[in-house]
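Should a chain be cited, it is by its letter among A, B and C, assigned in written order, with residues numbered from 1 in that chain.
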């Protein structure tokens, strides 16, 4: 698998990271180098192996249905770069 | 006469208890020392008032004849990946510059509850991504160590917990928190001649720790010796209902259980860790470690961990994949920086914010992670990596049939110079070759100083243990520590 | 079932429909946090640090949400997966603070099940593919500010069940019946309040068309349609649009669309177009979800009688099919009716009374059956008085009206107002005699064969008795007086 600049741009767009053409040119060989090295994993026969789901045997604990959080609007909004009237605000979205 | 700042956690704790010195004296001594070492750039934020408050409380408790808390008056450093209420928490990223959490991470809260005070927030690789502390937005951390070759090349303190390792080895704090995703406690510990343990995955709560790769991230202590690590870990570990992966187990009395007598223990030497181009000095230290463990009564056996060579590539799929998703929340909406170019719409704001807020290594890993999870590649990369992870865990399980612990070098080299490897991401990644397999398997592992290389730089040995056997890991590490007699310390050039 | 076909310019078309219904799980707290779920709170007041996706925050699942989804699965006789997992669905949007939705793709909680629907008196089984549990998103508001959208995270993290049907529906009516039936089941189970106005249930409507007998065509997905009627309209409008596109030589693009009820059209949703690579992977913050037998047993034991079983039972008690359908459609009506039966009312009469008298009155008063001014116990007493002959139907109506006004028990009303029906033959015979005397001409007509006049005499007698005479006794005595005398 070889990553070209178009792929880099597509991936950067999926990841919502703005990159320039020059960035894409620089990143393509870099990512290729890393991905090429990663691809040695393909050598491993894993036909009968389950993918790992939990590193240490442990069961998912479930919470009781109790309201014990929330009602902390000030804390929730305290670090917001923009907000008014108790809302966060973002550039207007057209749906 | 020994200075207060030369003392470790146990000595400070005991000295405060016996009244040899006050907690306030301790806090002041370290606060001064921190303020004099800014050249190392180990701290992003200094919090003397926090350390003083804890000291006051300890002194007041002692004056009132109360039983002192386990870490009463001991000032520590907090890796800036732990959210601390009201104190800027950045993960060393521009993205979170100025972010003041309205909450305290479980681990840091436990330390405060144990009576510890905070000297400041320690620098690190940005979002804990790096092995040299060269990816921080707030500048490189410099190791206090220097090569004895007459050159003054600034050296990497290791990463990502490089602020922690630098600060401890420079005696700016007796102990600090670290986090370890693929070796971020152990490798910097090895580079700076200190000790550090990554406990079993699930021992320390991840709640309030800025996430890098959730299935791998574990907090742990870094300190100058094994006992201090045991004391710190006891305070940091414990069940937390707010973390669904937290282990619902009591915290063992690790300090009390310390015992360097290894008779009856079998220590495995994994042959696959003899990698190509490993420096002779590291090979020699490994052999030295074997001899020390034999001397402590352990039986040495050769074992095989056949999938070792695949651990790093598996790690560099799983960790970036999880990171690409964990870091999606940094979008400029609810906290952190926002970059809003004139006329930008929402999605453009995201892209601009994330381009400006994340450093190059973070961006690189997000891109890799996004790529390996994207349509058509998920099974070939991510699923395959998680299968290989199963095989790596199985390797360890097989090894435990033949031994109780494993001994390996911590890192394939001593500390390198800043800038030496940063141009080649892959070369940097290879630094984690010995630490990553145990991270993938979630098992406890510790680095202790073993000796110095020809340039006078520290080298570490790694003990890996069975799940939940932190005691075994600490004990074997202690056996090494006692025999290594590592007393070297960096000269104070700053 | 009669086949629904749309006539296009080039021949007949069949429409194929599948629904993905998002139903809000009834719970106090959110799926992964302890914040409240109540509707209509001030913005961002029901938001925890977890819901706001603050750095280092972690999800811990709410047992009740899992339990309700399992019970729902059991109600449609679906396969319950004892092992399931949560996955992350990654995309960027301002209503999604984490940058991913925690959902279940690879291993859902509930597997295949079925729902029976009835359209035009015929039943049909619709397959359910799966039910998975996931987080709801927050809310964006666009009208408050000229250049900004407002973000409210109160809904962020509220538990949803996504109930995915198979593409088994073939007409707007079937789609409507399916959604109504599903809503009814959810409300019986208590896993969702079914309140479509408040967004507790929304359907993504998948529609494609094909020539009868041909393979499936390309489908479109119309998002978040929030009523049964709108779902039916969406199917119809979208099918017609697709047929039009194909017949004029175009092709259908697989895309996400939006239903505009005001304009009566569906249109492409550009804002979602970019978001198709969701990069699903298992959420590393959450371990696999494993359910034990005790948990499943409790879920099963706590299931109520469901609409189909209830309807069958009502039918077996002699309730008419129409009444049985009406009484079981809404769980509150069924609960009321069951309480009536419990209190001793006889099924067919009680069913008639509920569907006519009670529903009529509630309709008039604009009240729901769950806050009916007349309790089921009181209603059973009223019906009891009719059954034992103390009240005639006419009197019962009067008493019921007073009950609605005062809330008093019927016995008290009867007692206080002397509304008791009489079967006192002496008193009735006396009134009959007076009526016959006063209407001698009609008596003659009757006796000469004009049978229809019998009703007139009954009416006159009842009037004279102020409605309190037992109609059976009046009939009998009148017959005797007119025919036998």
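Heads up, the rule we're going with is that a contact is a pair of C-beta atoms (placed from the backbone, for glycine too) under 8 Å apart; a residue touches a chain by one contact, two chains touch by 3 or more.
According to UniProt, the chain labels map to these proteins: A = Aspartyl/glutamyl-tRNA(Asn/Gln) amidotransferase subunit C; B = Glutamyl-tRNA(Gln) amidotransferase subunit A; C = Aspartyl/glutamyl-tRNA(Asn/Gln) amidotransferase subunit B.
This structure is a prediction, so every number in the text was calculated from the model and none was measured.
Asks: Please flag the chain sitting at the greatest distance from chain A, going by CA centroids.
Replies: Chain centre farthest from chain A's centre: C.
Asks: So which has more C-beta pairs touching, A-B or B-C?
Replies: A-B
Asks: Hey, how far is the Cα centre of chain A from the one of chain C, in Å?
Replies: Using C-alpha averages as centres, the distance is 40 Å.
Asks: Rounded to the nearest whole Å, what is the centre-to-centre distance of chain B and chain C, using the mean of the C-alpha atoms as each centre?
Replies: Chain centres of chain B and chain C, defined by C-alpha means, are spaced 57 Å apart.
Asks: Can you give the whole-Å distance between the Cα centres of chain A and chain B?
Replies: 23
Asks: Mind pulling the residue numbers of chain B that touch at least two other chains?
Replies: Those would be 99, 101-103, 215, 241, 244-245, 324, 328, 331, 333-335, 346-347, 350, 370, 374.
Asks: Can you list every residue of chain C that touches 2 or more other chains, as numbers and ranges?
Replies: Residues 49, 52, 60-61, 92, 94, 149, 151, 274, 277, 279, 286-287 of chain C touch two or more partner chains.
Asks: What positions in chain A touch 2 or more of the other chains?
Replies: Answer for chain A, listing residues that touch two or more other chains: 13-14, 16, 53-54, 58, 60-61, 63, 72, 75-76, 82, 88, 90-93.
Asks: What residues on chain C touch chain B, complex-wise?
Replies: Those in contact with chain B are residues 49, 52-61, 88, 90, 92-94, 97-100, 149, 151, 274, 276-277, 279-281, 284-287.
Asks: Hey, which residues of chain B end up touching chain C in the complex?
Replies: Interface residues on chain B, with respect to chain C: 82-83, 89, 91, 96, 99, 101-103, 105, 206-211, 213-215, 241-245, 321-322, 324-325, 327-329, 331, 333-335, 346-347, 350, 370, 373-375, 378, 382.
Asks: Please name which positions on chain A make contact with chain C in the complex.
Replies: 13-14, 16, 53-54, 58-73, 75-77, 82, 84-95
Asks: Over in the complex, which chain A residues touch chain B? Could you list them?
Replies: 1, 3, 7-8, 11-19, 27, 30-31, 33-35, 37-44, 46, 49-56, 58, 60-61, 63, 72, 75-76, 78-82, 88, 90-93
Asks: Help me check something: in the complex, which residues belonging to chain C touch chain A?
Replies: The touching residues are 27-29, 33-36, 42-52, 60-66, 85, 92, 94, 140-142, 144-153, 258, 269, 271, 274, 277, 279, 282, 286-290.
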